[in-house]
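Same chain, two partners: chain A is paired with chain B first, then with chain C.
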Partner chain A sequence: MLILLWFLWDASSAYWYEFGISQLWAAEWYPYESLYGLLPAIIGTVWAMLIAMLIAVPCGLAAAIVSSEILPVSWQGWIRLGMEMLAGIPSVVYGLIGLWVLLPWLQYTLDLLTGHNLLAAGMILSLMILPTMMVMSQDALRLIPIEQREAAMNMGMNWNQRLMRVLLPQAWTGIRSGILLGLGRALGETMAVMLVVGSLDRVPDPIYNILEPAQTLTSRIGREMGEAAFGSMHFSALMACGLVLAVTAICLSLLAQQKRSFV
Partner chain B sequence: MKVFLSLLALPALLLPVACFLYIIVQAFPALDWELIVGSSASSGAAGNLFGDAANAGHGLWSQISGSLLMMLLACLLAAPIALSIALFHALWASPRQQRMLITLLQVLQGIPPIVYGLCGLVLLIHLLHWGISLAAGGVILAVVILPLLSSNAIHALQRIPIEQTESAKALGLSVGAMITRVWFPVAWSGMLTGLLLAMARALSETAPILFTATVFSGVLWPDSIFSPVTSLQTHIFYLAQEGSNAHVIDVAWASAAVLLGLVICFSLSARLLRRYEESS
Partner chain C sequence: MIKRSLILIAAMCVGISAQASERISAVGSTTVLPVMSQAAEAYHQTHPDLMITVSGGGSGVGIASIIQGTAQLGMASRNTSSQEQSKLDGKVDNIVIASDAVAVVVSKAVYESGIHQLSLKQIADIYHGKIKNWKELGGLDKRILVIDKEASRGTRHVFAKAVLGSSHARAEGASIISGSNNEEQMIVSRSENAIGMLSNAWLNDKVRGVDVVVDGKAIAPTIEHVRDGSYPIARGLHVLLPHRATAATKDFVQFLLSQEGQAIVKHVGYLPVR
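Let's look at the complex of A and B:
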């Protein structure tokens, strides 16, 4: 892992020496005029992750609760099998769905110039992380000992109280690590996002405008790697994107681990 | 509350299934045996047996074989390393080292695959001059699947009852004999499950091999491991980028369906194996 980080650092060092850390906040990215600001891509990444989380967390959690608490036991095995299959669908296939189904639909219903935007990227991402989230939360709910449920029933709690007071607090550790895992996946997902996000390097204007084409860190790397010559400033700027991604991902997974070991 | 939750859960349960069915329906017009084995297979010419890739959009055989080759190479490279990591974890590591190893593996699993792709690009292609090649793709995919594979192998070894290990030691078996005679017969199915899951993962990764191993067309069968290949994943991506006419779109859906079928084959067999393991 250290070797990997060292490689990224080494390849991107030219970029950091030339521009310094302040380039993280610079807003212009025009490779042909030697302007390499990372801000548009970082904002795009954060927005896509946020949208994905806003959709996937409530839906995934609800689906886990419904399938493990309400539906009959005999269905659970099948739902679980299906979810695990779905978690394995290649991301480029999701990208295809996004490109040819979601984009025209968005364009039509919201009356936009183009369907390529951050909202579409977030929606595709949420579709991708839903199964992961659901499997993790379901595991967490199932690990709760049966005595706890019985004790809650004996105390005369109704279904809502049992859910909110007993089941969710106990399963929370597992659910949280599911959320962090989903965040990591949303952060690092390349192909699906690359096909729908539109790849326009600009800070959204105003900043909460999610219906404009934008760029994420991963899609920038994917889009421009083929064009950048080895050893050029463009190349090391892209490596810097990779470094930012890797550091964020490492922090996320360390965070997930610490939470798990403390609680 | 129940009604509210059910309403919220409905899209989560139905949408993915709908997507899956949609792919199959869309792929149906272009999907036939001709497409998979290559459009000119019936002419019998040996050179054209592996699909006519120059005529892009016909015959997915070269893409399929490219994907499978890269996957096999990745597994061949990663499996021994993962096995030795698991054995190290089980035999010699102190509890502190074990914890660190598990943490490290999970962190590595969290790093986006495209970052591995970037490192591979710098190290293998620019510094070692391998060129855009099957070997580079295989090595990068091996690194991508290594954490998954080794944590699965570790879990498989951990599930062995401690009594078996202790009685093996009490019988005076050497370490080698203990591994081959006692551990392996118990743990093989768990390890194989891990391997199948890793294969499915290697098949579905696209980003890391996009600039390191694959080209769009013109390759029927890689001459050596240092020549570029075409793969199903990147083929879909290129088609999606270029595609505007109806036929190309059909072919892209069909390739998506084929890829989906392959991935599901591997992960379903992993699932069946796990069920078999639990029942026995």
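Let's look at the complex of A and C:
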């Protein structure tokens, strides 16, 4: 891990020395004019992650509750198998599904100029992290001892109360890990996002406009890595994007660890 | 038993690698790519021992991979920049195998609404974001989907130089960035309001090229107009051949320039150089 960080730092140090940390909130990215602002891609990444979580967390949680608390046990194995298979599908396949199904649908139903936008990226990402979310939540729910459920039932709690007062608080640690893991995947996903996000290096206008093409850190690296000459400032700037991603991902997993050991 | 099968597998690997005695990888412009892949296929029939793999990425990627030595042949649909050229000088031959027109393409619906020709000034205004609606050009009341290309793409360099003044000019009006020709073709054909830039060989029923007005005369993006030099956004299609390339690689480039190779160029829709 340290070696990886050191490598990213080493490769991007030319960029940090030249431009400094202020590039994180500079809005212009024009490699040929030596302008390397990271802000548009950072905003894009944050939006894509937020949208993905807003869809995937409620859906994944609901699916987990339905499959582990409501459906008969014999179905659970099948549902789990399906989810695990979903998790194993290569991301480019999701990207292609997005390209052929989601984008035209978005374009026509919302009457947009183009379906390539942050909303599409977030929706594809949510589909990709849904299985992780669901499997983790399901595990957490299943780990709750049967005695707890029986005790809750003996106290005369109805189903709603049991869910909100007993099951969810008990399972919260596992669910939180699922959320953070999902965030990590959403953060690092490249291929599917690159195909649908539109790759336009511009801060959304207004900033909450998620229906215009935008760029994420990963899609920028994916698009531009091939052309950046090794050792050039452009290359260094792309490495800096990588460093920002890596540091964020490490923070997320540290957060997940900490919660797990303390709670 | 296990030992014997392992030896067998190892022998097979050696056998396979010995059989396909040479591999060439050609990387770069997706405009040159159809010529290269069809030529590779034709060449493979007479030279079965030579494996040629062709992949895209764009002119910038093609030139970078020749500089870094990761490919045997580079493909580029633009001239090298002075910065790139300084790294290639004396080491790489830059061979023009064809030329073509960069067409200004619009969606079928736009074309049928009456937009058949645009002046360079109008195109520049669209890409600078000064014209945002087809209505301003006599079309329908629809916002324009302005497709720009990744900065390293050859088509982008040539287009920006001819229309916007410099090959790295900003296009503030861009609404989306595309990569390969295939990707751009798909975005245009899916949209009803798009304008973009594509080599003339990629035009089809849903992706129409408009005439470009030069000095009051509308000039269609055809091979004839590239040949007589009247179409303003034309360019050469290049193959980069390192001096240290093997004899087989050099022979293959000669094949591209031969009658048979040039017939493929013509078949794809570009202007042969010979």
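Criterion: the second predicted complex is superposed on the first by the 263 of 263 C-alpha atoms of A that agree within 3 Å, B and C clash if a C-alpha of one lies under 4 Å from a C-alpha of the other, contacts with A are read in each partner's own complex, and residues count from 1 in each chain.
In this text, contacts are C-beta pairs under 8 Å (C-beta built on N, C-alpha and C of every residue); 3 or more make two chains touch, one makes a residue touch a chain.
Remember, predicted model here, so these are calculated numbers, not experimental data.
Asks: May I ask you to decide whether A:67 touches chain B, chain C, both, or neither, giving the answer as first, second, both or neither?
Replies: Touch partner of A:67: chain B, not chain C.
Asks: So, does A:152 touch the first partner chain B, the second partner chain C, both, or neither?
Replies: A:152: touches no partner chain.
Asks: Taking the superposition on A as described, I'd like to know which of chain B and chain C A:224 touches: first, second, both or neither.
Replies: It touches chain C, and chain B stays clear.
Asks: Look at A:116 in the shared chain and tell me whether it touches chain B only, chain C only, both, or neither; answer first, second, both or neither.
Replies: The second partner, chain C, only.
Asks: Would you check which partner chain A:104 touches, where first means chain B only, second means chain C only, and both and neither mean what they say?
Replies: Only chain C; A:104 stays clear of chain B.
Asks: Quick one: classify A:141 as touching chain B (first), chain C (second), both or neither.
Replies: Neither partner.
Asks: Is A:41 touching anything from chain B or chain C once the two structures are fitted on A? First, second, both or neither.
Replies: neither
Asks: Quick one: chain B or chain C, who's touching more of chain A?
Replies: B
Asks: With the touch criterion stated at the top, can you tell me which chain A residues are shared between the chain B interface and the chain C interface?
Replies: Of chain A, residues 226, 230 contact chain B in one complex and chain C in the other.
Asks: Which part of chain A faces chain B closely enough to touch in the complex?
Replies: Interface residues on the chain A side: 1, 4, 7-8, 11, 58-60, 62-63, 65-67, 70, 79, 81-86, 88-97, 99-101, 127, 130-131, 134, 159-160, 163, 181, 184, 187-191, 195, 218, 221-222, 225-226, 230, 238-239, 242, 245-246, 249-250, 252-254, 256-257.
Asks: Quick one: in the complex, what on chain C touches chain A?
Replies: The touching residues are 57-58, 60-61, 64-65, 67-68, 143, 145, 148, 150-152, 168, 170, 174-179, 187, 190-191, 193.
Asks: Give the list of chain A residues in touch with chain C in this complex.
Replies: Touching chain C: residues 30-33, 103-104, 107, 113-114, 116, 198-201, 212-213, 223-224, 226-230 of chain A.
Asks: Tell me, which parts of chain B touch chain A in their complex?
Replies: Within the complex, chain B contacts chain A at residues 1-2, 5-6, 8-9, 11-13, 15-17, 19-20, 22-23, 103-104, 106-116, 118-119, 121-123, 126, 200-201, 203-207, 210-211, 233, 236-237, 240-241, 249, 252-253, 256, 259-260, 263-264, 267-268, 271.
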